[in-house]
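Pasting the structures here.
In the two complexes below, chain A is the common chain; its partner is chain B in one and chain C in the other.
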Partner chain A sequence: MVRTSAPRSRSLNPRLRRRLVPALLLAPAALLLVLVIGYPLVRAILLTFQNFNMLQPSRTTWVGLQNFVQVFHNPVFWIAMRNTLVWVASAVSLQLVFGFIGALLLNQTFFGRDVVRGVLLIPWATPSVLVALMWMWMLDGNYGIVNELLVRVGILKTFFPFLSSPHTALPTLIMIDVWQGIPFFAVMLLAALQAIPLELEQAARVDGANPAQVLWHVKVPLLLPTILITTILRLIWTANYMDLMFVMTNGGPGYATTTMPFFAYTEAYRRIHFSTGATAAFVQALLLGLVIIVYIRILRRQQVV
Partner chain B sequence: MTPASRFKRVVLMTLGALLLGTVLPLSQAFAQGNKTVVNYWLWLDDSTDPVWPDLVKEFNQTHPNIEVKYQTIPLSQYHDRLLTAIGSGSAPDAARFKDWWLGEFVSNDLLQPLTSYIQQWPGSSDVIQNLWSTGKTSADSPVYMLPAQYITFYLYYRADRLKAAGLEPPKTFAEFVQEAKTLTDPAKKQYGFALRGGAGGQDQWYAFMLALGCHLVDGSGAVVADSQACVDANQKYIDLFRVDKVTPPTAPSDGFAQIIGGFESGITTFAAHHVGSSKSLTEKLGDKLGVTNVPPADPNKPATMMAMSGNVVFGSSKEKQAAFTFISWLDSQGPMDKMSRSANGQLPVLASVASEPYYQNNPFFKLSLEQANYAVAWPPLPGVGYVASQLWQASMQQALLGQITSQQMMTQIATALKQK
Partner chain C sequence: MTGASQRSTGLGRTRPRPRFRWRWGRAGLAVAILGWLTFALGPYVWMFLTSLKPKSELYTSPVQVLPHSVTFLGYKLLFTTTPFLRYFLNSAIVSAGTVALATVAAVLAAYALSRFRIPGKTYILIGLLVTQLIPSVLMVMPLFLTLRTIGLLNTWWGLILVDTAFALPFTTYLLTGFMDAVPKQLDEAAMIDGCNEITAFRWVLAPLLVPGIAASSTYVFIYSWNEFVYALTFTSTTVSRTLPVGLRTFIGEYLIRWDLLTAGGVISVIPTILFFMLVQRNLIAGLTAGAVKG
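Coming up: the complex of A and B.
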C-alpha cells in the first residue's frame, strides 16, 4: 500500500492535533453556551449583590447581602417557597403514579392502542397558555362544565369557585398540571417498558412469579433509571413552570398560588426590583442545583453500568 | 453535473443571496431619502382593528419627511417590554402610555417634558382643560404625556331586571346595596353586582373608593390611602362580598371576561366598566342595557375614576420633534375621531370632537364626558404601577377572603404608594 499523507498533516504534532481538533469542533457550541447560558447566569448572580434599577442602570450600586436579607424578611417569599414545595411534590408524584399506570396500560395489547397512544399526547402537546384558558373556562364557578358535571352527578350541591378559594386554587392548578404532565411520564416509561426483554418476564413466570411480583421484582428495577431521570427532569421543569399561575390566578387568590418563579417575576417586573427578583430566582436555582447534582450522579452511574 | 460545477453553482447562489441581502436594505434606505424615522409602540385592546395601521399610513402619506414605524405589543407584555427596551438602550422614540406608569418613568428621568412643544402646537387649545393634569406628575410639573384616549368608570345595569323588580337605577351607594340585595338569589344563580376581585379590578375598586369619599392622596399630593375615610370606604366595598353577599362567589378571582360574561348572561344585574365595552354590550343586550353613575355615598358629590392613555416621547429619542409631530397629529380632529369610533375607541380628548352628535347622542359617551369634569385619575406616584398591576389584587383578594382587614389592606397600599 502506498502512503499518501499530505505534507501539512505531517507538520502538526499528531498528539496536539488529537487534542486540538475536538476542541476546535466543540468551540462554536461552547461559545454559544457561554453567551446564552453563562453570561445571563453570571449577570443574574451579580444582580443579587447589586441595587439594580432597570430604568436607571447607571445608578447601580453594590449592596452586599442586603437583597438576601430583604427577600428572607419578605413573608410572601416564604409563602412562595411553601407553595413551590407543595406544587412540585404533589404535581410530580401524581404525574409519576398516573404516568406509570398509563404506561402499563398502554403496554398491553388492545384494540385501538395506537390511536390511544397518539391521543394521550394531546395534553402534553397543547400550549400551556391554551391549556390554562381552556381549564379556566371549564372550571368557571358560574357556568363551567366541570361544575355542571359535578352538580349533575351529585358530588357538589352548588357550583364551587375552585379558583377563588385559597384552599382549592393551588390543588386545582396541581390537577391541571398533572393532567398535562401524565403523557410525558407515560411515554417515557412505556419506551423503557418496551425495552425490557420478554425473556426476563417469561423466566420469572416460569419460576412461579405472579403478575404483581413480575412487576415489582423484574420490571420496576429495570425501569428505575428511567423513572429517576424522568422524575428529576420533571421536578426542574415543574419548579420553573408558572404559566398556569400567570394566566389563571395571577398568583392568587391572595398569594395562594404564588410560587417562587412567579414571586421572582413580580418582584422584577411589577415591583421593578430586579435585584430582589434575581435573588429569589438565585435561591431557587441553588435548591434546584441540588436536584441537578442527583441527576448528574444518576447519569454517571448509568454510564458506568 | 460534476462536483466541481455543483460547488461553483452553490458558491454563486450564496454570493447572489448575500448581494441581494445587502442591496435590498440599501435600496430601501435610498428610497427613504432624508426621511426621519420615528419608532412608535402601542397596544391595542382589539388587535384586529384596522384603524391604527390606517392612521399611520395616512400620517406617513401626509408627512413626506417623517416615516413612522409602529409596533403593536399586547398590553399584558407592554410594560415589561418597555422596561427591557429601556434597560437595553433600545427604547422607541414615542409610545402609547398609561397614566399609571407616569410617576415611575418620570422619577427615573426617562420621559421628555413636552410643555415647550405643546406651547408651539396650535391644537393644544382644543384639548379638554381638565385632562392636561393626567399628563403631569404634579400641578406645577411639565406635561410628560399628551392625553389621547381616556375612559371614566360608570355603572351598567340590566334595565329589564330593574323594571321587572320595580326598581329605579340607584342614585346612592345605600340604594345600590339595597337593590343589589333585592336582585340577589343564589338559588337561581342571580347576583346583584359583578365585583371584579381578579385581574384589572383595581379601576372598578378605585371608582367606588372615590364615590365613597376616599382619595388616595390629599390636595398637597401626600398619600392618605390609609386614612379612616379610605378604610371605611374599602370596608363597604369588601362587605359587598363578605356581608351583603350580593356578588357571585367567584368574585375574588373574577376578571373582565367573567364580569362581562356574567352580566351578559344575566347572572349579575350591575357591572362597573367604561365605554370600551359599550359597543359589544349594546349589540348583545340592546335596550336591556342601561347606564348610570358609580353610586356615590352622597348624591350631591358624584365621583369616579378616569384612566388616561396618552402618548409620550422618550428622553433617549434622537427624533423628539418628529415624534411630537406624530403624537400631536394623533390629537388632531380627524385621527382623534377615527380612534374614538374604532373598535379600540375611548373618549376623545378634544372638545371639538367630543361635542359632535355621535358622542353627545350616545348615552355611554355622553355620561362619560360628563363624568370627565370631576373624574380623578390614579395619582402619578412611582408606586402606582406596582399597586395597580400586582399589590391591589393580592391584598383585595386577601381582604375579600377575610385574611386581612380593610385597615391592613389600605396600609399596604399606602406603604407602596409612599415608596420613592
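Coming up: the complex of A and C.
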C-alpha cells in the first residue's frame, strides 16, 4: 500500500528526501525508545542469566538457568501467581462491565453532562499513592468512614479491618482498582460510541429493532475493536501495577496481596536478590505476552477483529 | 433540560412508546448518574472534610462526619513544616517537561508513520504496544544503573526522560491512528498548492490534530503526574522528589499524619480537576478518532 505519491520537492533530490524526511521525523522517538527502554531491557534480560549482586557488581558471573530454577522453586512465586490471576481477572472484568454501562449512561443527554464527564474522570487521574492513602483512611479499622457507614446501615455489627484480614485484603484492593479504572474504560468506550454514525442506529430502528437489539447487534460489534484494545492495555497495566500493595498492605497480611510485580520488587530490592527479582518480572512479562497472543488468536478465529 | 429533543426523529411511529416508560428511564438515568458520582467523588469529599478537622475530631468514635470547628491548621503545617511545595513544584516541572517532550516526539513519529511509506509499519505499531508489557520492576534496576552512570539520578531530567520514553509508545500509537483518520487528499492538495511536507503539516494537519493531541497529552500528563515506582527509586532527596513519593513520606513508622496527608491530597487533586475541565471535550473527540482504529 503506497501511501505517498512523490512529494513535489524543488530543492532536494526527491528520492533522497523521501527517505530522509521520515527518518528525521522518527529519530527523536526512536532514540528515546532505544536508549531508555531498549538498552536497559537487554541489560535486564541478561541479568536473569547472571548472579548480579548490587553490593558486589564486579563478581557477576553467568549462571545459566539457575535463577529460573530458583524462582520456580520458591513457593511464594506460586502464591503470587495465583494472586495475580485473581487480581487481574476480577479487576479488569469488573472495570469492563461497569465502564461499558458508564459509557452508555454518559452517551445520553442530561443536564450538566460535560461537567459530569470531566468530574468522573478524576479517580483515573489521581496519583495512585494518593488513592491508596485516601482509601487507607476511609477503611481504617478504628476511625474509618466505610466501617462507620456499614455499621450504621446494619451490614456490619462492629468495625472490620478490611486490609489486615487475609480474606478481604485482596478483594478490597481489587475494589479500589475498579474504582480507579472504571473511568478509563468509560471514556474509551464513550469515544467509540460517539464514532458510530447515527444513521446506523436509525436504520436499525426503522427496521423494527428495539433499543436492546440495537445495542447488541449494531453497537457492540462496532465497539469490539475498542473493547479489545482497551482490555489488552488495561490487562497489562493491571498486571504490572503494584502501587496499592506497596503503600497499603505491603503484600500482606502474610502473602495475601503479594502479586507478581510485588514479589519481584521484594526479591530485588528488599532481599537484594536482583537477579531472581528480574527473573520473576521477566517470567511475568512472558506469561502476559502469551495470554495476550492467545486472546487475540481466539478473537481472530471468531472473526471479531 | 428535558432531553426530549432526542426523541424528535419521528422514528417512534413504528413502536408507540408510552410516556411513563420514558419517565422511568429518565429517573433511572438520574439515579445511576448520581450514584456513580457519589461513588467516584465520595472519597474526595471525605478527604476534604478530614483536612478541615482539628486533630481532636479526627479520631473519634463513633466517627464524626462533619467538622464541628473548621480549621486550616493542616494546610498551614503542610506549607510551613514540610517540603510539600517543593514536591508539588517538582511534579509540575516533570509533568510539564514530559508532556512537552513526549508530544513533540510522538507527533513527529506519528506523522512519519501515517504519511510516509515506512517499511514494516504494522510491526512498528505492534512493537509499540509490546513495550507496554514490560514490568517497571524489571526496568528499575538497569535504569537506575544507567542514570547513575550519566549523572541523572535525583534530577528532573532523569525523570522526564524516563517518563517520556514510557509514555511515548502509547502516545505515538494513538496519534498515528488519529492522523490516519485525516484524509490524505487534504495534504496532497496542499502540496499541489506549493507546500512541502513540513508546511503542509503545519497549516493543514496540525489544526485538525488538536483534539488528538489533547487526548494524548492528557494520557502523558496522568502518567507522569502519577508515576511512582521510578520516581521512588530515582529520587532520594527533596530536590527532585515528586508528589506521589513525597506524600508517602508522611507515613511515619508508627504514625500516619492524616492531617497533613489529607491537606496535601486535596491540593494535589486540584490541578487534575482543572486540567480535566479544560480538556474534557477535546479528550473525548480525540479518543473518538484515535482509539477506534484499534
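The working rule: the second predicted complex is superposed on the first by the 264 of 305 C-alpha atoms of A that agree within 3 Å, B and C clash if a C-alpha of one lies under 4 Å from a C-alpha of the other, contacts with A are read in each partner's own complex, and residues count from 1 in each chain.
Following the convention adopted for this analysis, a contact is a pair of C-beta atoms (placed from the backbone, for glycine too) under 8 Å apart; a residue touches a chain by one contact, two chains touch by 3 or more.
In this text the structure is predicted, and so the values were computed from the model without any measurement.
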{"item": "Which superposed partner A:G99 touches (first chain B, second chain C, both, neither)", "value": "neither"}
{"item": "Which superposed partner A:G251 touches (first chain B, second chain C, both, neither)", "value": "first"}
{"item": "Which partner, chain B or chain C, touches more chain A residues", "value": "C"}
{"item": "First, second, both or neither for A:Q56, with chain B first and chain C second", "value": "first"}
{"item": "Which superposed partner A:I272 touches (first chain B, second chain C, both, neither)", "value": "first"}
{"item": "Chain B versus chain C as contact partner of A:Y39, first or second or both or neither", "value": "second"}
{"item": "Touching partner for A:Y143 - first (chain B), second (chain C), both, neither", "value": "both"}
{"item": "First, second, both or neither for A:L47, with chain B first and chain C second", "value": "second"}
{"item": "Chain B versus chain C as contact partner of A:G181, first or second or both or neither", "value": "neither"}
{"item": "Touching both chain C and chain B, counted on chain A across the two superposed complexes", "value": "54, 142-143, 269"}
{"item": "Residues on chain A engaged by chain C in the complex (per definition of touch)", "value": "2-5, 7-9, 18, 21-23, 25-26, 28-30, 32-33, 35-37, 39-41, 43-44, 47, 54, 101-102, 105, 108-111, 114-130, 133-138, 142-145, 147-148, 179, 182-183, 187-188, 190-192, 194-195, 202, 205-206, 208, 210, 225-226, 228-230, 232-233, 236-237, 239-240, 242-243, 246-247, 260-261, 264-265, 268-269, 274, 277-278, 281-282, 284-285, 288-289, 292, 305"}
{"item": "Residues on chain C engaged by chain A in the complex (per definition of touch)", "value": "1, 3, 5-6, 9, 11, 14-15, 29-30, 32-33, 36-37, 39-41, 43-44, 46-47, 50, 58-63, 65, 104-106, 108-109, 111-118, 129-143, 145-146, 161-162, 164-166, 168-170, 172, 184, 188, 191-192, 196-197, 221-222, 225-226, 228-229, 233, 243-245, 247-248, 251, 256, 258, 261-262, 265, 268-269, 272-273, 275-277, 280-281, 283-289, 291-294"}
{"item": "Chain B partner contacts - residues on chain A that touch it in the complex", "value": "53-57, 140-143, 158-161, 163-166, 169, 249-255, 258, 266, 269-272"}
{"item": "Of chain B, residues touching chain A in the complex", "value": "79-80, 83-84, 86-87, 104-105, 108-110, 186, 189, 197-199, 248-254, 258, 261-262, 265, 267, 385-386, 389-390, 393-395, 397-398, 400-401, 403"}
